[in-house]
Amino acid sequence: MKKIRFGVIGTGRIGRLHVENLLRYIPQAEVFAVADVMIDLAKEWAAEQGIERIFADYKELLALPEIDAVIVATPTDTHSEVSIAAAEAGKHVFCEKPIDMDIERIKEVIEVVKKAGIKFQTGFNRRFDHNFRRVRDHVESGLIGDPHIVRVTSRDPAPPPVSYIESSGGLYFDMMIHDFDMVRFLSGSEVVAVTAHGANLIDEAIKEAGDIDTAVVTLELANGALAVIDNSRQAVYGYDQRVEVFGSKGQAVAYNDKPSTVEVYTEENVSTDKIPYFFLDRYTGAFIDQFNSFVDAINGKSEIPVDEVDGLRAVQIAKAAQESLDTQARVVLEYDN
Amino acid sequence: MKKIRFGVIGTGRIGRLHVENLLRYIPQAEVFAVADVMIDLAKEWAAEQGIERIFADYKELLALPEIDAVIVATPTDTHSEVSIAAAEAGKHVFCEKPIDMDIERIKEVIEVVKKAGIKFQTGFNRRFDHNFRRVRDHVESGLIGDPHIVRVTSRDPAPPPVSYIESSGGLYFDMMIHDFDMVRFLSGSEVVAVTAHGANLIDEAIKEAGDIDTAVVTLELANGALAVIDNSRQAVYGYDQRVEVFGSKGQAVAYNDKPSTVEVYTEENVSTDKIPYFFLDRYTGAFIDQFNSFVDAINGKSEIPVDEVDGLRAVQIAKAAQESLDTQARVVLEYDN
Amino acid sequence: MKKIRFGVIGTGRIGRLHVENLLRYIPQAEVFAVADVMIDLAKEWAAEQGIERIFADYKELLALPEIDAVIVATPTDTHSEVSIAAAEAGKHVFCEKPIDMDIERIKEVIEVVKKAGIKFQTGFNRRFDHNFRRVRDHVESGLIGDPHIVRVTSRDPAPPPVSYIESSGGLYFDMMIHDFDMVRFLSGSEVVAVTAHGANLIDEAIKEAGDIDTAVVTLELANGALAVIDNSRQAVYGYDQRVEVFGSKGQAVAYNDKPSTVEVYTEENVSTDKIPYFFLDRYTGAFIDQFNSFVDAINGKSEIPVDEVDGLRAVQIAKAAQESLDTQARVVLEYDN
Amino acid sequence: MKKIRFGVIGTGRIGRLHVENLLRYIPQAEVFAVADVMIDLAKEWAAEQGIERIFADYKELLALPEIDAVIVATPTDTHSEVSIAAAEAGKHVFCEKPIDMDIERIKEVIEVVKKAGIKFQTGFNRRFDHNFRRVRDHVESGLIGDPHIVRVTSRDPAPPPVSYIESSGGLYFDMMIHDFDMVRFLSGSEVVAVTAHGANLIDEAIKEAGDIDTAVVTLELANGALAVIDNSRQAVYGYDQRVEVFGSKGQAVAYNDKPSTVEVYTEENVSTDKIPYFFLDRYTGAFIDQFNSFVDAINGKSEIPVDEVDGLRAVQIAKAAQESLDTQARVVLEYDN
């Protein structure tokens, strides 16, 4: 089988992770070239990875006819621009989330993707998590019946710097966007209304930056089910990632992973390892498996599991959540595509 | 120590349970008399329990000077009337929840209780559950810091008859009222706003009866924390009762009880016992311990753990939830006492 | 249904527990009389329980024609004597374990019981534990196939006083005897050979008293399966009681009970409650249920679940274990009845 | 840092796994050459891995001066011969277990290793398992005090072909040898006596081949502790791998891994995923981490974690176990080096 030749645009933390995962774990993939405006910072690393073609201008990368697919791992505000250019160059596109903060820009991307006839995958890696996928399997197989209540808990171990928060678009866009996608993934249904609550309980500086640090959002789904998401910027015990689907025939609950199964019994208590603290430790496998799916889709073996419309929906829901928070009212969602 | 002499008014299922628990497990209690309008139905049972004094008219029971305390286990619509009469007769009162569906009537009870100077306990038995109390302990000790997010899941194994639902006051009054109290208990804070969602996913007849069968309610608390409760009238796998408090220093999670710790490994899967199906199996200990606390409070050893104001609050929140559901809007709560 | 009238002989800790359990939890039972050589110590307690007939000489108790069944809760060295007298008086007998330290004496008991035609139950309460019984159920139902390996862990929280150990007959008789019975119960098979190991790791004084404090014993069963028991006199984390049956179709594992299901997540670790420390906290239900079974057997509703031969077998195995420890060799068991 | 150049001798299943792991996960390692007597079967695979040097005769590989270290993954009966040749050629050696079935041959290897001054690691991969290593950490840190009882359960999902069993050296050499090493690893103490039991419960053909399929072995340790290992050739529910160390201050228990944390609640039961069936699924990380340790030891950063003497000890214990099974007697071990 012919290997898929990848160009990777953006070689910051996440871009490098993708390159290293492709090289190690995706035998059907080849990293043909990388591009980064800060080309000098990337050279040594690229050489270590055995990557010979490295560009400052991503358009040079897109001009290479050998390249089949592109990973867009640039700063968020350039995602849509690079994606559009890549699609127009006939490359399949894997784009980090969110595609854009502006819904109209995302619709432009969707338009171009359709015209170009290429495959587009959005980087909602959590859909590939072993635990959450298993819950989804149990929903899809019908084992737990029709979903009635979906619960998603997602809490970071510590807040990012306030400077980051200021430009993040806010908790709903930066953090809960994954969970909005998760609710759609687990339930197989669209969100029709959003009621958002937020609080400032962790750091006054986050409030001053205009954001919340604690949130509970209720979603009404097209199939009649209710979903509730809670987020916190600071779970001191680790990176808390759980989901639960309750249905007409039963329930599937995904608990946190732990680094070992060991239980210790002492005079004090019974204890186990802490849960992972770092998101890469938790989603190691998910970051890899999303590329197996992408490569399979390019090879025509399966459908793209999380596409440009999925990317759009999550942003639409995040916008509605923000509006709900601001107005203290329920916001109804309508989709024109 | 002098035993507390109880009169029990109402000898239906719950009244009999209370009598049997007092007789078996509360050595400081004595069941001195019972009353029930359907006196004939109760005679044989009372004789088996060794109870000699049995009245059709609860006022005759209240007239007995030997009686120290009364348990009000009559139908809901007579709770406040009987409680008032008992308080005026100088008896301590343990009243099943809800005290009344009418907030003004509850306030009357509160007034009478204050004047009479007696102890009044509301029958929110779940506060005495071994799991939930442990979570509360961890909050109170400061182990998990300030509460940020409280989650309560409470799902019945099967819906009650529609005839019952019709006169129940609706899911928020009949079922979630326990959870409203649980949020106050676990967080140690008052509810300041309610946003309610409901759905009909289980039985069309419930909808026709004007009620919902699935619900998610978000509560804003005075201390800034957020709480979310989900209820279902039908969890086919059993009586699902869980709570969780997430705070600034950690988290305490109470999972369901199971009848045994046994795990079975087969070619199919790894499985355990189902969770209890019947509420009495789950709250066996709680139904007993609430009386230990009541007796201790009467004896001056401790405070009443869940009093008439607690009974009022839960009803006020339930009313706000119903209003929120009806208006699809957030409802702010204000307490004048 | 006629109540079974009990006479209880021996009112030390365990005798009193039995009386209180009969009074509270076994509605088909009545405590008609008690006997104890130290009659003065028991009088106040008996009065509190509402027991009117109390004797220094157990023979006076046995002479009462009203008594149907007797509980033998005297010191171990009088179990067989009292049991024989009771059987000869035509009373059903519930006898604490071990029936005797002398196998010939136990055989005498068996002989008398047979002649008298009464029901005899040995006090191996652990057979009635909710966890172990569930494992047994899974064996009996065939769910896990033929047993291949049985594992029993039984560890006390702290050693008894050395004075007690000196007269206890040693760890195999005093402590592991329960586990010998458990292996027979779980496997449904007889022990045909014993290989015992012991160690002194906890307290030098136990060694000086001629006993071990740590033990691992391997049993070969008639059905070909192997069983292994480990005991320790001191598990600082609590009363560790677990069993496991591995079979041709699967495995059933019983873990320790815990007082609550609560998990606490902090910066340090994830922890739960400690396991129970005191044997009565763990075997509360088992101490009660053994009498339900005894009463049912007397009423002809079921067979005696653990009879005089079961009592004999456990002692025979304990003796073989002691011999194996002393000789550092495997000991084959043969049963002539 | 200079990369370690590996030659891999033997390219069957395990040899290939090692090569692929080195290439993917051990950045400080390079696979310089491979050798296999069945050279033609390996050529295509080697080309795919990008390995250019491939020999039929491992001596040609050993003659390459560029090679720093050798992995011996040939059939068991050639382990010692190849290891000796490699050590004499001045290469560090990683040798699969067992080094040899003949204790004298292992001692020869030890002699040569000492003279050559090279590093020698034995392939007891389970020491690198995340669960077992954590238990070991808790022993080493003193958290659970002095070890008193060590329990190891190790059960294969299905027996190997009888043809394999016939040449395997028997269950103690082929299967339990890992567990003998595990007991030494977990306890930090030497085995001083062995009492072995075995049974034939799974397949008559295994018996006819002269082997057992079920085993329980008790080990007495130099520090006074007792250890017990149970093995089965067939756990239909998966690859059951658990250990437990009970000590003077507590206990550490390692349970089985599971592919996900998901619990499913239905009307039938509560269930989770099965445990892994295939040894590579369970010990994925351990197979990698053993090479990280080997490379670190070669680079002088740490000691060899499991050396040639560890390889010898496990075989000595296995021989004693076999003798114990044959004689039905306890066998004392003495080590002259």
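All chains are identified by letter, namely A, B, C and D, in their written order; residue positions are counted from 1 within each chain.
Criterion: contacts are C-beta pairs under 8 Å (C-beta built on N, C-alpha and C of every residue); 3 or more make two chains touch, one makes a residue touch a chain.
Fair warning: this is a prediction, and the values are worked out from it, not measured in the lab.
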| item | value |
| --- | --- |
| Pair joined by the larger number of C-beta contacts - B-D, C-D | C-D |
| Remotest chain, subunit C as reference, centres from CA atoms | A |
| For subunit A paired with subunit D, centre-to-centre distance based on mean C-alpha positions, whole Å | 40 |
| Whole-Å separation of chain centres (CA-atom averages), subunit B against subunit D | 58 |
| Subunit C-subunit D separation of Cα centroids, rounded to whole Å | 42 |
| Touching two or more other chains - residues of subunit A | 235-237, 240, 249-251, 265-267, 273 |
| In the complex, subunit A residues that touch subunit B | 145-146, 148-149, 151, 153, 155, 195, 197, 199-202, 214-216, 218, 220, 224-226, 228, 230, 232, 234-237, 240, 246, 248-251, 328-330 |
| Subunit A-facing residues of subunit C, complex | 235-238, 240, 258, 265-275 |
| For the subunit C and subunit B complex, residues of the former touching the latter | 24-25, 130-131, 134-135, 138, 143-144, 249-257, 259-267, 273 |
